[in-house]
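Pasting the structures here.
Next come two complexes, and both contain chain A; in the first it sits with chain B, in the second with chain C.
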Partner chain A sequence: MKTGTPAWGPGRHGAAGFALDLGRCVGCGACVLACRMENRLPGRVSWRRIVPLNLARYLGGPTYFFSLACHHCQDPPCVRGCPSGALRKRPDGVVTLEADLCMGCRYCEMACPFKAPAYDSDAGVMTKCHLCHHRLDSGLLPACVEACPVGALGFEDDTAAGGDVAAGVDVAAGGAPDAETRVGRVLRAEEVPGFVDPGEAKPGLVLVPPVGGIRGAKYVSLESLLAAAADAASEGEGSGHG
Partner chain B sequence: MGRRGGGAGKGFHEAPLVLFSALAVAGAGIGGSRVLLAATGQGAWASSPWEAGVVAGLLALGVLVSTLHLGRPSRAGLALRMVGRSALTAEVLALGASLAVGALAALLPPGSAVGGLARVLLPWLSVLVLLTLGTVYRLPGQVGWGGSAFLRPLALGMVFGMVVQGAAGSWEVGGSALAVLLLVWVVDALLMVLGGRKLERTLGSAEASHPAVFRRRRLLLAVRFSLVNLVAPLAFLLAWTLLLVVVLVAGGVLLDRFLFYALAARLTTEGEVRRVEAALHRRSIAPQSSTD
Partner chain C sequence: MSLRTVRTVCPRNCYCTCGMLVGVEDGRIVGIEGDPVNPATGGKVCLKGLSYVERVVHPDRLTTPLRRNARGGFDPVPWDDALADIARRLETIRRESGPSAVLYYEGSGSHGALSGLAAAFWRPFGGPTRAHGDLCWPAGLEATRLTYGDNRHNHPVLTRESRFILLWGHNPAETNVHQWNLILEARERGAKVAVVDPRSTDTTDAADLHLRPRPGTDAALALGLGHVILAEGLHDQRFVAARGLGFESYVERVAAYPPERVAQITGLEAEEVRELAREYATGRPALLVAGFGLQRHHHAGQAMRAVALLPALTGNLGVAGGGWQYANLASHCLRPPPSLPPPPEVDPRSFPTSRLGWVLQHLGDPPLRAAWFEKANPVSQHPRTAEVRRGFEGLELVVVVDQFLTDTARMAHYVLPAKTLFEEEDLVTAYWHPYVQLRQKVLDPPEGVRTETEVWRELCVRFGFGTDAFDVDPTKRLRAMLPEGREGALEELRDRPLDLSGCGDVAWADGRFLTPSGKVEFSSEEAARLWGVEPVPDYQPLEEGHAGEASRRFPLQLLTCKTRERIHSQFGNLSWIREVDRPRVLDIHPLDAAARGLADGDPARIWNARGAAEAPVRLNPGIRPGVVHVIEGRCVPEDPWMNLVTADGVTDMGWGATFYECLVEVEAVSVERADPEPEGRP
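And then the complex of A and B:
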């Protein structure tokens, strides 16, 4: 899902965040590497991570990879808690951290439910993903989105999650679907088994499930996932699957 | 002081916070227990100069130790920038105010009007400190820090304060003050039990900050419970040396604060993924062949 060049710039107001197509991500880590290189992150600091689900390929269960960074929440607990004001949410939706105002108390690290802030022990300050706003301001995509070789990672802004949307479309720019567009229901992150949202921060992440869901089951709850998996196991046993 | 090189990347970086919060609970507990004593008719509503001095001293030491946790201690003053917005700023303000008022209460002569006002204010500011020590950690996703956990510093501080006041001869053992102390002990025990049960119930999707300690949580929590809520009250009621009871409760305060940070567990995607995979496994679903 490569979105087109976002309509960005000073004075823009809205929400922002990443979009992840779970049907495309193969967990290669190119996004993690691109982020490290773009932002010159020191050795022990990483702003993006890959969390695989069902790498063991339990029969009937899906396997996908979460590529996670800061979700630039609508009500970020890190911003609310920061005692020095180093963390702030810009009008364009990006949550930034000003290192010069950070005293390294690590309170944001405790407050963030998504493990976004990372402590740089050499500098004694916190660091975090800033959505490559320096690239956005120049009309470029975030480094991780640009680097994704399969078009799984995208950048969405003001996306109305929960509606039908064609992946691969730049929602903000109103672009048309390309030839390989996969239509999927865009979900709020909390609707996907494996992703945890404590429910207060309103993360900006949107997730697109694999085409067809899990044997047709919608990604609405762990129970539906397990029921579908049990059905698959029963079918496997009935056909003499070993 | 500039940057602390090397800092606390891995390991138990919360160690300075354990010491800080133990000192703050102890100091504010001594100050705040004055409210309980006065309410039961066992003393004045104002702290004595020695009491204020001990409170201010413990808080000052705690604040000093807390700066060791900062990656940039020289920027500690920035903690006051978000008044009215950050719970941590509120905690720092409460501590600072108590420290300043405590110092005035201890150093100004008995006849001083300002000193007198400070000695009346100090117990209430101490209660505020104990409350902010708890509310600062009401954070989304932190399994063991929500619910009634914010009352733990208040309850434990009051237990410690009352015991210290008793050892110092500030109240006569017996009567309403004893009943209040026993009640606070019961409240503290209840909070521990509720917190432990909540932790066990929500473990499925939680990721522990310190897994090695977390694996031993039941033993450690039992030790803490026994120390503060069984041995210390028994020793008190059996009229053991009050100084020994103080030592027991002080040890319990330190252990309690260590466990507060060491048993921190957060709901994370990693934890939830583990839960989903465990559920898939329990449904007797075999791994697919690698040739699939």
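And then the complex of A and C:
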């Protein structure tokens, strides 16, 4: 099948994680299905999910989609919280779980701010995203990244997968978090308003803002929206009873 | 354990028609990914393509014929018994009432050129009643044909070259993901994107301009854009003089549509109309992509003609990065299967598809007694479902061929289990990219499933009809269906898709249009002659529109649009899809909701004189006030049954359906408040 060679694969800098281009992600879920397919996950377990923000276009603002899996944190609370040593962070940055050592206590799930580890109730053990390291080892991209039809998903240090939006940014030199790209500053997950507070975990997720930036500035208050809409209605725009 | 990879193609009724690579291990599909050799779909498939892994082996998939029993349920029956009884009853009806007392109805659920083999049975049968036109796009096809002479457009990848992209009634971020990818690329290279859509969608979220006209007023907006472009001298004088027919009468027509009048009709601001006109006319090359949404009403064809003239007015034809995109039929060059028997001497009778409910009940001379449905789920997907259901109840024999027990299959006397796309080799055409693709066989059908090809052959044998069309080597047959002189391309198709059209990547590059005049027809005598419409398109208010008589009682315009996880009533039954499914809710503007005492999450009844459906309310300030929306496509019984309220009219040309000419009222259903859709902090 098709191969892709990550420009900045994990293992290179001891940091690993996904990048998500918020201007490109349309929340389609192909990544969720590709993960399920690749890792042959049973229906009761999901390693990736789509979290829509503002699906109802509250205040007339846009919808953003967050395709999220394990962030392979720099200081993973799940590893710290695991009493059996089943979870560990590999030298290349990938956070893995060894099922043989897992006793299914679910402490990691409680410790993770993002609830990324998923409990397999039939097997009685935790499961989690391992960045498809079996694919990485053979020079392939993680299944979710490979499947993304709009190039929204990439590696933390491979935002080029998102349509060369961050081409030239060298994460190894510490450039990514504050680097200026053509579409604006690359954001760390914890910088995004409304995002779960990651504590000290330092999640390895990089979020690429859309062209023109997050459109929060366009939001207006609910009161002013309703006032404007009421004005429009009094000019014959509305369609209520009457 | 051995893994093999097979190149094939997704045959759904969808723009993308993706090339796919399928991984098979021990007779089971374990992986699907995009085929990189298809330049338009670029090595990716969407979530629906991935979900076939579940669909093919889904526990609900039918693998035996079913016969309805006296209790209204189904019993499995052997194929021989089912086909013997079906054949006997069809023969009786044919003898007593003639062949046209049987309806043969084929939908768009799966594409493949072998569908043509059905004729090998139905022709000698004598010609059953058929449907013509279709539910989706024919008004726009005919409007484009009348304007340019043919439905073709630039190769999709040329979208990258556009500087301005106008998406009209189109939502590629949700329904044409590969086109969206190309639009994002153009946008990152500096292109501006404008969208005309009464709703906010994932597409409008990324737009620089978003105009939300009242549904059904697109013709007025298009003529208003023409007005501004002409008034400000932004049109391409050389192009219209050399390549346009009837331009003077078009100039007269648009003179009646100054922006202020257009604003009154469409509910837009006059300044929005001016701004869009200027941006579109000056953002060269400018691409105009029209979706199917704006041609689902009675005056659809004329509206589409008015919109389709804008690329000609601005000289954006025959240009990479420019053009008019509606449907690209370049790949529709296949021949019917060889050795078919001759058609019956008298043309079989047919009716416009959207009238199915009426036809099933009221057609006379002879009335319909039996119906055969395949690749179709009319009980869910046809307008005015209650009429369709009533029609079904009056039939003596309904045969439905499907993979699952759909709403339609549940009303059948016999359900025959259908193969999946992986289980028979076939040729597949597209309507966005120009490629013919070979749908290579990946697996044998599961035990108990027969291909339609086998079913038709078996029926021919039972009726004593010839079987020549079936007794051809399958590879030779497909070869003979390729265009004359290109039969040898079949082997190449095993490795890659092929553009067999000879049209080139830039449509109309030679400036020779296939209309009667050889020019772009601003004024079309053919339109007037064939369809009885004005030669120059004009705006006509919808009878069931925002200002129509019925709007006093039913003041809201209902749209039932598409999204990414389903093709109509397909895919929504899969757990893989349901995990990422969009909620089936009624999008309503907070003002319209407030006027009806509806709060977010309230269960609501959406109703009119035709019927009623229910869905939970979602307050959505992104939708135009006066317009409400529910995603169409009923896959499981919990999905809202929106076609109980939609209308079964016929478009002004092409015999399309009028789903979006639908006024409703919305009211609270007095039960406990349901939870709104799952949404939270990431």
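By definition in this document, the second predicted complex is superposed on the first by the 172 of 242 C-alpha atoms of A that agree within 3 Å, B and C clash if a C-alpha of one lies under 4 Å from a C-alpha of the other, contacts with A are read in each partner's own complex, and residues count from 1 in each chain.
The criterion applied here is as follows: contacts are C-beta pairs under 8 Å (C-beta built on N, C-alpha and C of every residue); 3 or more make two chains touch, one makes a residue touch a chain.
Quick caveat, the model's predicted, so the values are computed rather than measured.
> Is A:148 touching anything from chain B or chain C once the two structures are fitted on A? First, second, both or neither.
A:148 contacts chain C only, not chain B.
> Classify the contacts of A:53 with the two partner chains as first (chain B alone), second (chain C alone), both, or neither.
Both partners, chain B and chain C.
> Of the two partner chains, chain B (first) and chain C (second), which one does A:29 touch, if any: first, second, both, or neither?
A:29 sits against chain C, while chain B stays out of touch.
> Identify the partner contact of A:68: answer first if only chain B is touched, second if only chain C is, both if each is, neither if none is.
both
> Contacts for A:198 in the overlay, against chain B (first) and chain C (second): which applies, first, second, both or neither?
first
> State whether A:43 touches chain B only (first), chain C only (second), both chains, or neither.
A:43 sits against chain C, while chain B stays out of touch.
> With the two structures laid over each other on chain A, which partner does A:83 touch: chain B (first), chain C (second), both, or neither?
A:83 contacts chain B only, not chain C.
> Which chain A residues lie in the overlap of the chain B contact set and the chain C contact set?
51-54, 56-60, 66, 68, 194-196, 225-226, 229-230, 232-233
> If we count contacts the way the header does, which residues on chain C are in touch with chain A in the complex?
5, 21, 23, 30-34, 36, 43-47, 50-51, 53, 173-174, 177-178, 180-181, 184-185, 187-188, 200, 202, 205-206, 267, 546, 555-556, 564-565, 575-576, 579-580, 583, 587, 589-592, 594-596, 600, 618-622, 625-626, 676-677, 679-682
> Inside the complex, what are the residues of chain B that reach chain A?
Result: residues 3-9, 13, 69-73, 75-76, 78-82, 85-89, 92, 137, 139-142, 205, 264, 266-273, 276-277, 279-281, 283-288, 292 of chain B touch chain A.
> Okay, in this complex, where on chain A does chain C touch?
Interface residues on the chain A side: 1-2, 23-24, 26-30, 32-34, 36-38, 40, 43, 46, 49-60, 62-63, 66, 68, 146-151, 163, 165, 182-183, 192, 194-196, 210-211, 225-226, 229-230, 232-233, 237-241.
> How about chain A: which of its residues touch chain B in the complex?
Interface residues on the chain A side: 44, 51-54, 56-61, 66, 68, 77, 80-86, 101-107, 110-111, 113-115, 119-126, 193-196, 198-201, 222, 225-226, 229-230, 232-233.
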